[in-house]
Structure formats: C-alpha cells, structure tokens
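Read through the structures below before going on.
Here come two complexes built around chain A, the first alongside chain B, the second alongside chain C.
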Partner chain A sequence: MTMAGHDRSGLRKVRLYGVLLALLGVMMLPFYTMFSSTLKPENEIFSAPATLVPSDPTVQAYLDVWTQTDVLLWIGNSFVISLGTVALTLALAIPAAYSCARNDFVGKRTFLLSVLVVQMFAPVVLIVGLFDVITQFGLFNTYLAVIIPAAAFTLPFNVWMLYGYFKTIPVALEESARIDGASQFQILTKIVLPLTKPALVASITYTFLYAWNRLLFVLTFLTDSAKYNIPRGVFSMVGALQTDWRMMLTVSVIGIIPLLILFAFLEEYIVAGMTAGAVKE
Partner chain B sequence: MSIAEEYTDTTDDSRFERGLTYLQRNSRAYLLIAPTALFLLAVVGYPILETFRLSLYQSPADSNIETFVGLQHYAEIVDSDIFYRLLWQTGRWVVVGVAGKTIMGLLIAVHLKGDIRGRKFFRTAFLIPWGIPYAISAVVFRWIEHPQFGYLNAILLKLGLIEQGIGILGNPDIAWLGVVVADIWIGTPFMAIIFLAGLQSIPQELYEAAAIDGAERWHQFRYITLPQLKSVILIATLLSTIWTFVSFDTIWTMTGGGPISTTATLVIHIYQVGLQNGNLGRGAAYSVIGFLFLFVFAIIYLRVYTRGGDEL
Partner chain C sequence: MSEVTLSNVSKVYDDDVLAVNELSLTVSDGEFVVVVGPSGCGKSTTLRMIAGLETVTAGEIAIGDEVVNDVRPQDRNIAMVFQSYALYPHMTVRENMSFGLRLSGEYDEQIDERVEEAAELLEISDLLDDYPKQLSGGQQQRVALGRAIVRDPEVFLMDEPLSNLDAKLRTQMRTEIQRIQEELDVTTIYVTHDQTEAMTMADHIVILNGGELQQVDPPEQCYDEPNNKFVAGFIGSPSMNFFDVTATAIDGGTRFESPDVALDLGVDIPTGDYTLGVRPEDFVAGRAGEYIDTVVDVVEPMGSDNFLYLETTGSSMEVVARVDSEYRPHRGDEISLGFDTDDMHLFNADGERVAVTELQTTESV
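Presenting the complex of A and B:
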C-alpha cells in the first residue's frame, strides 16, 4: 500500500468513528438530560434557562426517592407482572412450537399464520373489546388483567422463535432417547430444551421487556395504585398543574437500571430475537 | 373411539370417520397446540368479535343497558370532521415517523457495518432507547422540551436562535413534531439492528469488485447496498409502519392527544372515546376502522414474508 493510500484509509477511519460518535451522542442526549438533571439540587433543576451541566452535583435525589415515591413498590409490581407473563407465555408456547416442529398435521399452516396475524393485532385497537372481556371475567384490578393480554401479544413471537429453533434440532437425538425408555416429557425437558437455550433466552428477554415496558394494560385494567408498575408509576407523577420533575426523573433512572443490566449481559440474544423474522439468511 | 365405532357402518359418514381417525392419530400434536389456540381465541379472538358487536350498540361503560343502533356509529364517524382530521394526523405521524426511523437506522447501520473496534459496545448503546419503557422516554422528552426548564430551550437560547423559551408541546402547530421526535428516537434502534444484520449478509465480493471498478462510496451505496438491502428495508419499514400506527404510550404520556387534539391519532381517539369518555360503542366502531388498516398491513406483510413459496 502506498503512503497516500494509507493516509486515505486512516482519514476514512477517523471520519467513520467521528460520525459514529456523533450519532451515539445524539442518541444518548436524552439519557444525559435525564441523568444530569437528577444530580441537580432542587433550586437548580427549576432554574430557567436550564444549566447544561449541574453546577453543584448531589446524589440527594437518590436518597429522597425511596421515601418520597413508591418506586420500590412499582419495581416489585413490574417484576411480578414481567415474570408472570414470561411463565404463562412459555408454558403455552413451548408445547405448541414443539408440536409444530415435530409433526405434520392438517391445520398447522393455518395455526402458525393465525398466530402471526395476532401479532398484527395491536393491543390498542383491541382495548375496547378487551376491556369488556376483562370485566366480564372479573379480572379487573388483578395482576392477571395485565399478564393475560401481555402473554397473548408475546405468544406469536415466542411460538415462531421456538418453532424455528426446534426444527434445527436433529430428531435422531430424541429417537435414541426414546429407545432408551425416556418419556416424551423427559425428552423435552432433558434433551430438547437445553439445546434450545439461545432461543429460550431470546424469548424470555423479549417477553420480559414487553411486559416491563408497556403502560397501556396497566393504565386500563389496574386502577389500584398498589399494583402500579414502573411505567404507570412514572405516568402517575405527571401532574396536571405541577410535576415533581426531580423525583420523576430519578424514578425513571432507577426504573431502567434493571434493563441496562439485562442489555449488558444478553445483548446478543436480544439482537438475535429482533432480527429473527425480518432478515432471512 | 366409541363415537368412531358408532359411525362405522354408515357410508355417508365415512368422511367424518376418516377425519376422526386422523384426529386420533395426530391427537398428541393437536393436544399440544390446543392450549395456545384456545388462549388466543379467548384473549384475542373473542375481543375482536366483541368489538364488532359493540360497534353496533350504544353502550355506556358505566351502565349495563345496551341499545342496538345498527350502523349509526359508522355513519356518524364518516360524516364527522374529526374523522378526516384524525386520518390526516395519523398519516403525517406515520409517514414522518417511519421515514425518520428508516433514515436514522440506515445511517447508524452503514457506519457500524465495517471492521469497527468496540462494535458490541456501540450496538448495545444504540439498542437502549428501544428497550426502555415508552412512558419513561416520553417524560424525558417532555422534560427536554419543557418551556422554562428544558435543555432544548437552553441550548437554542445559548446559540442565539431564539430570544425566549418556546413551548413546543403546548403549541397546536408544532406539538406533533415534538412527539414525533421522541417516537423516532424510540424506533430507530430496531431499524439500525435490522439493517445492520441485513448489511452483514451482503457478499463482500460485490464491494471488492466495485472498488476495483473505482466506484465512489455513494455509488456503492446506491447501486450495491440499497438494492441488496431492498427486502430487508421493505419488511422493516412495514413492521415499523404497523408499530407507529398503533403507538399509544408515547403520545398518551407526552400530550394525551392535545393541545386541541392536534397530536391525536386514530388509536389515541379510540382510547379517548371508548375508555376515557366511556362510549364503548363508538370506541368499538373506531377500533373496527383500525382493524381495517391493520388488515391491509397484515396482508402485505404476509405476502412479503411468505413470498417465493418458502415453506413454513
């Protein structure tokens, strides 16, 4: 490579990283705004125009938030709702996906495509009908009123994700286990599921995030403030006349910390899940 | 078994009988999908039917009395000005939102594609806006755009672009832009991740051949990247269109559809009419109109997805 060529590729690298960092900066700005505001004392956060850097940083907000808001309760509820949704979704999706991957039967194609169509049916256009159904079944103001619809709308992704993965596991493995006298259930739990780990992790992460992040179902079906999750809690802090921005932003930071931990460890699985279905090899 | 035997000697029912034997032979397969099928029928199928039924009734949420009104809701909706305003507001919300997400996603993906040091870090960082609660993103953008204490106004003042703070979300002319920015921010990571995966599946030889031919970078993008990425872009924008169309949490938290309903979309209106005002019948009629849109999107999606006779 000539000197000039080397220079040009070096320059290109600098430009590439420059653009990347600029894009990252733009995407991270809201986080900076949120986090830097929580480090300001009360009189500074409500000063106009805003200071772009806290002049006198303090972690006082992170000490006050536990007593001044119900953030712990909301996080607890978020866990109940998310884990409940994951459990219900997997209990339904694993057998269905396994059945479709291992058998050919009339109606399989219809079943799989109908499941895909459910994904198109966004909760919000169904919310009036769902409201009627949830009240009819007496589920209003129970965790199930949120878990059941959340499971319904995460099922399509789960069924398809697991179905696609089960198909890649050789049947021969299961047949030799069957000859050794293993039951169907043992084959599924001892042989198939351990091999399905990547798909399971992607499924669980997707379902957990879906249930953790959504406001709509809690807003509509849980009026009891003792059952609020993080999004509903943050929403409840938006006042018509006055909003305690300092506490609200602090709750927001705390509410996304569990998710940041999840991303740091499971990024590859999340990406695999997001691209499944949209990008075909 | 016994039911099948009952019918063995009647030749008319041989089809029924064959069907039964088939079901028996495959009983395990059907048993395993049954819970999911029944669950979805109850939680999605039944509400769909209930929505259609309700749309034909006058049904206040706070009473048990329903009055059949036929197609009156639909007639009134099609006759009202608000309906056409909602269509326009939904249209601009979807078009600007999806365009913004696509462009931002492409920009990020193209720059992440090559041999980047720390790509995992970048990819994780770019992913975060997608994975946090919409309500939280919405309040953060409300804070950024706050007329007195917001960072946006502080920056604009500092740059001398404005002389006093502007209230974006309170201004009927520009409030929707203030919300659409938040929605683009939330939706960009999905596009970036999908496009990145698509870019990585483009054979490197195509670029090498183009480089030998001396093609400029823009030409490489225009004549190699875009055509190769076509199907991925198609599916991603289609999905994004659906999600943007039904986006609720962000708008609801930022403006609740205001000021004077200028940030309301069709789905926001469904919620306002059906659940906030408790007019279940009218809300259901608006929902059915929403179904129609989703139905069209779904048909296109299934066409694209199952194109070329791919086996399921």
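Presenting the complex of A and C:
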C-alpha cells in the first residue's frame, strides 16, 4: 500500500471513531445525567443552565436513600422475582426447545409459530385478563403473581433461541452418549446443556433483565409494599404533590449496579449466545 | 465377543424410502467385516440398526443368542466409532474415555486402570488431560477408538471412521485399527465407501447397493469372482472396463462380438447379449495384433505404474488400462490392447456372473 493509501485509511478510521464516539455520547448522556444528578445538591438538579459536572459533589443522596427508603428490600425482592422468573422460564423453555429441535411431530411448525405470536402481544393488552387469572388462582400479592406472567412473556424468545442453539449440537454426540449408556435425562444434563452454555447464559441474562425491570405486573398484582421491587420502589417516590427526583435517581443508579456486575461477568457468553448459529462453523 | 446375525432385515423410512431390503448376514465371533457400497446403499443404516440407533422395520438382529430388535443401544454391549468421532467437546480425553464406565457405575480405580490401558495401546497417554479441540484429527480418531475400547464391548461398530483423515494418516490408522482388532479379537463391523479400506482390512467384505446385498466373500474372492456387474465395477480401482457383446454360436464354440472386440471361445452357452469385463491391470498394451484397437487420450503416471485413458476406435468408448511405468505412450498414439481370456469376466443380460473359468479357450482373434 502507498503512503497516500495509508493516509486515506487512517483518515477513514478517524472519521469512523468520531461518529461512534458521538453516538456513544448521545446514548450515555441520560445515564451520565442520572449519575451526576445523584452527586449534586438538591437545588442544583433543576438549576438553569443545567450543569454537567456537579459544582459541589456530595454523596448525601446515597446516605438518605440508605436511611429513608427500603432500597435493600426492593433489591432483594427484585432478585427473588428475577431469579424465580429465570428458573421458571428455563424449566419450561429447555424441554420445549429441546423436544422441538430433536423430534419431528405433527404441528411442530404451528406450535413454534404460535409461541412467537404470544410475544407480539403487549403485556398491557392482557393485563385485565391476567388480573382475573391471578386472583382466581389466589396468587394476588404473591411473588408468583409477577413471576408467572413475566416467564410467560420471556418464554417465546427463549424457546426460539434455545431451539436454534440445540439444532447446532451434532446428533452424533447424543447418539454416542446413548451407546455409552446415558439415559435421555443424562444426555440432556451431561452432554447437551454443558454445550449450550453460551445460549443459556444469554437466555438467563435476557430473562433476568426483563424481570428486574418489570413495573406493570408489580404495580397491578402486588399491593403489599414489602414485596416491591426496584422499579416499583422508584415509582412509590412519585408523589401527588411532590416528587423527590434526587432520591429517585439515586435508587435507579443503585438498582443498575447488580445488573452491571452480572453483565460484566457474563459478557463473553452473552455475545457468543447472541451470535450462535449465525455462521456455519 | 459375539456373533452378529441379521435375518431378513429391512428398513423403510417414514417417507417410504426403502433403505435396506431383506438383508441376511452372519458375522462370526471375532471377525472383521467391512460393509462397503456407494452413497445411499444402506450401509450406515444397517450399522445404525445393529447399534440400536434406528428401528428395524422387518426382520431380526441378534447379538450372540439374543434378539436385540427391542433392546436399547446402551443395553446391547456394543461400542461405536462415529465418522465425526463425536467426542464430547467439554470433556478431557480422560473424561471422554471414562464417560461410559462412569455411567455404568464402575469404581474409580477400575476406570482409571482401563482408561490408562487403552491410552497406552493407542499411544495417547500424554493426551489424557487435553480437550478434543487441542488434538489433531488423527489424535481425535485415536481417542474415539479409545472410548470404544475401554468399554470392552462384544461388538465394535465403526461408521467411516477414517474418512476425515488425510491420505497418509488414513493408511497409518488402517493398519492401527487392524492391529488393535487382532489384539482384542472383538467382532467388528466397519462401514466405508472406500474399497481400499475394504480390501485391505476385511476378513469378509459385505457389498451393498440400493439396500440390497450383492456379495459377501473374502476380499480376494470379491475381486476375482465378482457375483455381478455391480460388484465387478465397484471393487477394483480404476474400475473394470465393460464391453456389451453379443454371443452367437459358431462351429465349435461361441463368438462374442461388439464394435470394439471379437472373441471366439470353445464354449457352449446360450446366444444373446452379455457384458464382457476386463480389469485395467489385466490389459496387455502395445503388442501388435491384440483384440481392441484404441487411441491414447491421457497418460497418468502413478509412479509404480501408468494409467492409460484410451478411446476405442470401434465405438469411441473410454477404456482404462494400467500398464508398467516404463511403457509411456503419447496422446494420439494408436495402441492395441489384449488380455488373457482367463482374466476376463462375463455377465449375462441381468448383470449376473457367468463362470468363465470353466470355459476352454480355443482361439483368440
């Protein structure tokens, strides 16, 4: 390549990075504003013109949240709801996806398509019907009232993703295990699932995030404040006359931290899971 | 060790495809049998039925004295080596080899002992803690064999185990598998589409075509006395040359005639259409006054000998001859091909062998 060629490709790279940085800035600005506002004194949050950097940084908001709200309880409830949703979703999605990937049966295509159709309904459309079902089954004000609908809405995506991943696992491995003496359950647990790790991690992350951020179901099916999750806790700070924005933003920041930690640990698997089956290996 | 018996075994798939048709076969205790045939001939299906990975539509499969049609694969006491090796990618070599033993509840010490014994036999002792992706194709192949060996099965089933290896490694593993099989003396059924593997490894070759059994015989017999035209063409490389000839009665014998060849033999067989077969290596080239006139198209030097691709002057048919490496004609040269009539093969209109060896040659034209 000539020097002029080097210059041109270098310039192109600079431009590309410039555009990417600008896009990153646009995406990160709300998060930055949220975070920086938690470090500002209360009167500075709505000051005009808005300040990007807190003039007099303080962690008072964090101390206030710690002493004046049930943030730990909300985080705990968010974990219960999210882990419960993950467990229920996987318990249903794994067998459904695996049986579809490995067996041909009448109506398989229709089944898979109808699973997808469920995903097309917005939860709010079904909320009245769901409320009826939840109360009929005596689940109102229990964690299950949120876990079951959340699992129902995450199942289609999970069934399809795991179905696609299971299909990439060579049948010969399972046949080999069968000849080695493994039962169908042992084949699933000792051979198939360990090989499905990237897809499982992606599935767990997606479901966990979905359940962590659920507000509508908690708002509708949980009136007991001891069972509030993080979004519901934040929502409870919206008052009829006054809203404490500083506290709301601080709880929101705290609510994101567990997700960031989770994502940092699982990032490698998540990317592998998302791109699984995209190219022939 | 056990005898494997197939009695009128058929396999019809859901879409009405007949994969195997009334196959009957006995593989004796400790025997090495190679099932060979072109793609789609039913050889892998047959092996998978013996393994229990496919159901049997009709007929019976027995291992030893037990009919195993309804016995689960894990209860048949067999071990199988797959074409893709099917090693568990998330397990080390040691874990791969011990997986079956662990499932059957063997003691740890016993498992370790057997794994190490098999690893030593296959010279993979230093790979026991590696993962399959760290191994070369040849090493993976050895692990797949090791996994089968440690289970000490009654029957080894091998589904084209060498087809993913390069030519040199394939030759090496071929002798290795033979050595191991002889050492362990386990009944082995080996599927391949490679007739060289069949010829070099088998005690008996089973040749299938279109789901039908064509011949079961020792390799040399399949080569020297093929049951039919298909076997004659399939066994041997390059393939046997075929000439469609018409047999007419002449005084004192029969004349076989085609645009390319004319041959008078002192035999009495029904007149009609036949196929005359000559193997490339049975041709004698370059002598004057032989039976078939040809023109050289391509010369392929193979080192030890030369393959001549020729066109007959009678009907422009392609003929292949395998000749001495020192005989090297040029493209366009005219060559007469001859053959000893003892080496020719004759097939009737249905493609079935007509025993030429019993005939007495009176005259060559």
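Just so we're on the same page, the second predicted complex is superposed on the first by the 240 of 281 C-alpha atoms of A that agree within 3 Å, B and C clash if a C-alpha of one lies under 4 Å from a C-alpha of the other, contacts with A are read in each partner's own complex, and residues count from 1 in each chain.
FYI, a residue touches a chain if its C-beta (ideal position, glycine included) is under 8 Å from a C-beta of that chain, and two chains touch if they have at least 3 such contacts.
On a predicted model such as this, the values are computed, not experimentally measured, just so you know.
Visitor: Following the overlay on chain A, give me a clash-or-fit verdict for chain B and chain C.
Guide: Chain B/chain C on chain A - fit side by side.
Visitor: So, A:Ala172: does it touch chain B (first), chain C (second), both, or neither?
Guide: Touch status of A:Ala172: second partner only.
Visitor: Just checking: does A:Gly181 make contact with chain B only, chain C only, both, or neither of them? Give me first, second, both or neither.
Guide: Second partner only, chain C.
Visitor: After lining up the shared chain so the two structures overlap, which partner does A:Leu162 touch, if you call chain B first and chain C second: first, second, both or neither?
Guide: A:Leu162: touches no partner chain.
Visitor: Contact-wise, after the overlay, does A:Pro149 reach chain B, chain C, both or neither (first, second, both, neither)?
Guide: first
Visitor: As a test of reading the superposition: which chain, chain B or chain C, is in touch with more residues of chain A?
Guide: B
Visitor: Regarding the shared-chain residue A:Phe111, is it in contact with chain B (first), chain C (second), both, or neither?
Guide: first
Visitor: For A:Leu195, using the defined touch cut-off, is the partner it touches chain B, chain C, both, or neither? Pick first, second, both or neither.
Guide: second
Visitor: In whole Å, what is the nearest CA distance you get between chain B and chain C after the fit?
Guide: 12
Visitor: For chain B, which residues count as touching chain A in their complex?
Guide: Chain B residues touching chain A: 22, 26, 28-30, 32-33, 35-37, 39-40, 42-44, 46-51, 54, 61, 104, 107-108, 111-112, 114, 116, 120, 122-129, 131-137, 139-144, 146, 148-151, 153-155, 157-158, 165, 185, 188-190, 193-194, 197-198, 201, 232, 235-236, 239, 242-243, 245-246, 248-249, 252-253, 267, 270-271, 274-275, 280, 283-284, 287, 290-291, 294-295, 297-298, 301-302, 305, 310, 312.
Visitor: For the complex, give me every residue of chain C touching chain A.
Guide: Touching chain A: residues 51-53, 72-74, 78-80, 82-84, 86, 88-90, 99-100, 103-104, 147, 151 of chain C.
Visitor: Enumerate the contact residues on chain A facing chain C in the complex.
Guide: Of all residues in chain A, those touching chain C are 170, 172-173, 175-182, 186, 190-191, 194-195.
Visitor: Can you list the residues on chain A that touch chain B in the complex?
Guide: Against chain B, the touching part of chain A is residues 16, 19-20, 23-24, 27-31, 33-34, 37, 45-52, 91-93, 95-96, 98-100, 102-103, 105-106, 108-109, 111-118, 120-133, 148-149, 151-152, 155, 159, 184, 209, 212-216, 219-220, 230-232, 234-235, 237-238, 245, 248-249, 252, 255-256, 259-260, 262-264, 267, 270-271, 274-275, 277-281.
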